Amino acid sequence: MIWGVVTTPGNPDGDLATEVARRVGRAGADLVLIAPTPGRETAFLAGFMTGTVDVAVIGGARSADVPPYTVARQVNALDHLSGGRGGWWCTDTAENPPRIAEHLQVLRGLWSSWDADAVVMDRVSGAYADHTKVRPLEHVGAHYKVRGPLNTVPSPQFQPVVVLEGSTPEVVEVATRLADVLLVPPGPVPVTDARALVRMPATVDPADLLAAVADADGFVLDLPAEDVATTEALLAHLTTRLLPALAAHFTPKPRGATLRHRLSLED
Amino acid sequence: MSFVTGWFASYLVPDWSGPWAGDSGTSWADGSFVIDSVRDLEKAGVDLLMLEDISYLADIVGGTFEAELRVNARAPKGDPLPLIGRLAAQTSTIGLIATASSTFYPADLLARTFSTLQGLSGGRAGWNVVTSTGDRAAQNFGMDVLPDHATRYAHAAEVLAETHAAWGEDRPVICQAGASAGGIALAGRYADVVVASPDGVDAMRSYRDSIRAAAVDAGRDPDDVHVLYMVTPLIGETEELAAEYAQRWYAPTDAALWRRIVQLSGDIDYSAFDMDAPLPDDVETQGSRSILANLRRVAGDRPMREVLTTQRAQSVRLIGTAKSVADQMEQVVAEVGGDGFLIAGGGGGVLTRRYVHEITDGLMPELRRRGLAGLGSGSDLRSRLQSHREVGVPA
Amino acid sequence: MHLGWFCTTGFGVYGWDQPWSGNAAADVGNPQLFVDLATSLERAGFDYIMLEDASALPDKFRGNFERSVKSAIHVRFDPMPVVPLMAAATEHIGIIATIATTFYPPFLAARLFQTLDHVTKGRVGINLVTASAEAAAQNYGLEKHVEHDLRYEMADEWVEVCKELWGSWEDGAWMMEDKVGGVFADHTKIHHINHKGRFHASRGPLNMPPGPQGTPVLCQAGGSPAGRTFGAKHADTIIASPTGIEGMREYREDISRQAVEFGRKPDDIKVLYLVNPIIADTDDDAFRKRDRIAEAKSNDVEGLLAALSYSTSMDFSKFDVDGPLPDMSANNGHQSGIKELFSRGNTLREIAASYRTAQTVELCGSPETVADRMGEIMEEVGGDGFLISAPVTRKNITEIADGLAPALRRKGLIRSKYEYPTFRDNLLSS
Amino acid sequence: MSKFHLGWFTNFSNPPWNHQWAGTEGRDWPSGDAHVEFTRALERACFDYIMLEDSSMVSDIFEGSSRVDLKYGLYSPKHDPLMLAPKLAAATSKIGIIATASTSFYPPWLLARRFASLDHIAHGRIGWNAVTSSEDRAAQNHGLDGLPPHDERYDRADEFVDLVKNLWDSWEPDAHVLDRENRVYVDHEKVHVLDHRGKYHASRGPLNLMRPPQGHPVICQAGGSPRGRAFAAKNADTLLTAGGEPADMKAYRDDVRARMAEAGRNPDGCKIMYITTPVMADTEDEAQAKAARLRASSAAKLETSLAHISAVTEIDFAALDLDTEFSELSTNGHTTTLANFTKLGSTPREAAIAWANANFRYVGTPDSVAEQMGEVMAEVGGDGFLITGNIGRRFVGEITEGLVPALQRRELVRSEYRHDTFRENLLEF
């Protein structure tokens, strides 16, 4: 059973959101998604948290707002900084699936523009990396033109985790081809290779949660980090009522594994 | 006169093969090299960190990536923003200036990015505005060729106006390194920190005067702009050991030649020229115009090998014991008029933790004991920079 | 007014099976909960956190450990190692750890707390107890426990030795900073104490310089006459739990009077009254919560018997709960608490039923109501503040740090920021 | 040749403050902040452990006063290492942390509980350096007129360690049941009274907290004398001793392993570590020049060395003529240390200077020093080196950024931790 929370950046100094991530991480969560809010850039918050929490933190962003080359570099850096727990949540999937598909193709292409074994550190020739194992992408498409390659080394997961959201046929088709995780509303779970996680409010009743998750791969709960009191109440509800009710479904996961490993996605 | 000290950093592979390289060849990418160094620098009193960046892997030299991936002067290099986000959590007083291109980043993304960093760091955020160099960079962002110099600076001005409107009161520190006329004008209007490496005390003073004049033209108090000069102090336990250290550091080796070639090759493949002849006259570039102009001025008619192996991105050479280097720095600031130094440790493929500790444990304690630097105060970066005007021995 | 938090079972296990316990069960021995307690209470402007401690696992009640370990109430980790971690995450709040003067060798203790004074950058305190349980004495190799009042005489000399050791380096003996002539410390300013007393001996000096506070803050909580005198003579802060306003005023005046006799100013000692406020969103919710607790406690006769067995080292399971009260003349454990309890009824069952949530005064209601009541009490009693006693759970921390404290702050009853760098100055300056 | 182990020998005291590279340690050491950064660097270099030695007296043997001891900060100031251990544990996740506590001054129940708590906080990475203390001055601080005789101290220590181990065992490994349904936190039948009444110590027990994650924290020891070696053979998981000629190192190791076999223990169960201070520089001749500078005699070196040996043997070397041959000397303190000292030179002056330089054995570039160490370990058979020296970033950097990578390239030391607890990593090879 895969589970996590969707939280908000909370106060400007990021403390409350970090506290939520730390507590759910210690309770065994697999990922924490940070919902974009006006005026706040989530890639920063993910970097801010990597040092202090023991869970994957994935920033959400509208793909229309950020050039694909920048997303590829930032998520690569996050994957390095978090020891293999980097990822990206494209929050405007439903708006223009074909453009999103091309955006993801560019990301996947840039992440594999270096072969996994390109770094050789050959003291004799002096080569840090073998240049024949690094290739430009030369992507020319309807929406994007990106020559590549990335100017940094492959990250621990080689292909960081991509999260999409929605349940329309077009979104499901893109997710099956290019995404690792698909957030779906409660109700019938669409067939897809990606891990389908049902998204529900954190105040959900244990029985409803059990029912909704029946044939999905897991769930994410909306747990905003807006003010201390409500956040504490939601966290207490999660750890003392929801998790015990689902205890039977949880198989212990290896600590410190990469996110792909925890989601049992092939490397 | 007390001055500002900054650290010029990169999220870039450091020395990975020398005697003191440690495990940095593999561990640099997880951020620990930069994070450990910046925490030590903060404890030693350094005022700010400037994390530079470029967003392309060039195959200009020799037409392949071979030279870039051997010399490591510019690659492999990670995106600085997530790393600066991490530093905001793991430091408490040092200024955090990150580089982002006004040519490739949409204005609203830049505004959001740096207001978030300002919140996370409690007012210590800074944006190093660059307009980028090299067609290869442009080709990663949907363009075929880099817009020309004038267009880039005009666009930069628009982006700066739009971002400042979005920030209102709580705006991050603006840093700039452009040495061309357009760059200086823009710096006069917006910059709190200007980084440059004019060669020698006279060039340093005239450059600073031009920046301050540009600030006055823009209706600003020239003291609001802090000009920092790039230097690489070489500290030894004795003058003699320091001299030996410098002799090894500046030796005109092949490696030094290749480093310079890679660093200069934005669009022009400098390795294609005859190293034992002077620079031909008909060379032109759309990229970093100031780099070519500076090179031509310094080179004169000397052969390329001699020019390239001795030219370093620094204003003055500082060599000696911690005491004598502190004397030299004090004297340079007195002669130039201000405002501080941006210390660089050799960059990609050369920098070691050992060099960082020569600064944090050798130079900074001496500067602090004499009230010359490292005593900045104030919670946000702008007030910390200002605090240097009041602290320290009057000139 | 000054505020402190009393961790009822020290660095122990709190409410492992209660709702709201978060993942306390898995967090056993993990200091993160106490680090969070410290950061939250510093945000709330508290003066200090007091970590209670005990050196025995009681097995008097029914002759086994069941009652002590089944509910985890007597599981206690050594609080000393958690002090540096709580201090590392904060800048101003004081951290007091408990030490049993009867068993802890004075030189080890003096050096331990002087090290902590450095490591916490001037924010450590010591709670001096003489240890009531006979089992504690047996863990330290004694057959019988030391007699109650004799324990206080030993404690008095124990504190004298520590104070002499802390004073064995004069100010300025350690001048590393300005490196005068390359001398690290001047041996002429460091002296032997040559202490040869009735109970303790030590040549001294301490092999380290004084910390930022010079002397750690001394705290004392014994209510018996010997305990009060010991506190008036040595303590910087005293924890008291007399009953009712009248009892509280009498306690404060008695301490002030005795302090003057020892040549100290009454203001040198901050007396904090032990309370366990019951807070909820509205007054009605709070009253219902109080009644729930009182009802559960008064039916828990076994709980009372186990508690009495622990504090008197006698097996109360042998006594008839409806018969006459047992003779307590030979009691060598807690004295003040037992006398007050036995005045509440004729049989053990009546005493259990007499349980009132209030120990000193009743504080029950919404944060606003409780804050007002606390202000009124301080006016009437003239005392120095409250020590809030509550199990360390995330829910309790939030209710006090984010509920009660802001209400007190809005009424100007507690500090809005810390004036001084050390615990001692913040505690004794106002 | 299988890999060998690395550890660091230091204390919670002032690093040499009065020299060129003293950065902020002069200000940061009293709070433990300097030691935190230093320990993180050791963990990055995959050290097995950091060992915090300790002593509890201001020494006033040399010249009959504490002038020299305090002038150089030799034996004091020195803070209680047990309060530095939690701070180091919180800042690291793999390295072992050994703190010193004396069996002559601590009550057994108090020490057993303190180290059990520390092992929980450090998630199974704590070690106890069991010393009997060797100075009457320390004993007099703890209410005794003087220390018991040398061998009796070890008899007391044997009983002390057995009692502490039994207290750690007073809770069975699975006593902590955490059964929510029946509301049982700990099964009381798995917690046992000890009721130990021995020749020297007594304690009823049990402890009032869970069994330490490692079961028994790692026990470290520094016994040099025959009685000390016997005590170590019975109890120690790691043993430290001065470096020296490979032949002597091998003889010491073989003797201890033989005694372990006699005591029915697997000789591989105790890692013997030799103390050394490598001298390194960019080039060979620079390293030789640096070594010459370090070995040079000086008034300060003579004074500190004589004060040191006086403190641990409680013989006032100031009263001896520095240039006449030694007469018969004996001590109730460090017997082996005195024996080694007198072997290094025929006169106090000679021996003092040689003793001060004893640790500078391996000199060269990081690569050549790595070669030298590999060869010595191959000849001696194991088990590792205990580096000692100034914990400032300059010297530590030479070890963690220069020497260790060179050793790792030769696969002489580990490049990663394979386990979570200190004991598992220590006994991995």
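For reference, chains read A, B, C and D in written order, and residue numbers begin at 1 within each chain.
Definition applied: a residue touches a chain if its C-beta (ideal position, glycine included) is under 8 Å from a C-beta of that chain, and two chains touch if they have at least 3 such contacts.
Note that the structure is a prediction, hence the values are computed from the model and not measured.
Legend note: the chain whose CA centroid lies nearest the centroid of all displayed protein CA atoms is D. Mean C-alpha positions place chain C and chain D at a centre distance of 36 Å. With centres defined as mean CA coordinates, chain C is found 47 Å away from chain A. Chain D has its Cα centroid 45 Å from the Cα centroid of chain B.
Distance from the chain A centre to the chain B centre is 33 Å, each centre being the mean of its Cα atoms. Residue positions of chain D in touch with at least two other chains are not found. Looking at chain A, one finds that none of its residues touch two or more other chains. With touch defined as above, chain B holds no residue shared between interfaces to two or more other chains. Taken as a graph of touching chains, this assembly forms a single closed ring in which every chain touches exactly two others.
Across the complex, chain A is touched by residues 19-23, 26-27, 394-395, 398, 402-403 of chain C. Listing the residues of chain B that touch chain A in their complex gives 11, 13, 16-17, 25-26, 29-31, 35, 54-57, 59, 64-66, 68-70, 72, 74-79, 81-86, 88-90, 104-106, 108-109, 112-113, 115-120, 122, 136, 139-143, 349.
On the side of chain B, the complex with chain D involves touching residues 19-24, 27, 32, 36, 39-40, 43-44, 237, 248, 321-322, 352-354, 357-358, 360-362, 364-365. Across the complex, chain C is touched by residues 23, 26-27, 228-229, 232, 235-236, 239-241 of chain A.
Remark: chain A residues 9, 12-14, 18, 39-41, 43-52, 65-67, 69-70, 73-74, 76-78, 80-81, 83, 121, 123, 125-131, 134, 136, 144-153, 155 touch chain B in the complex.
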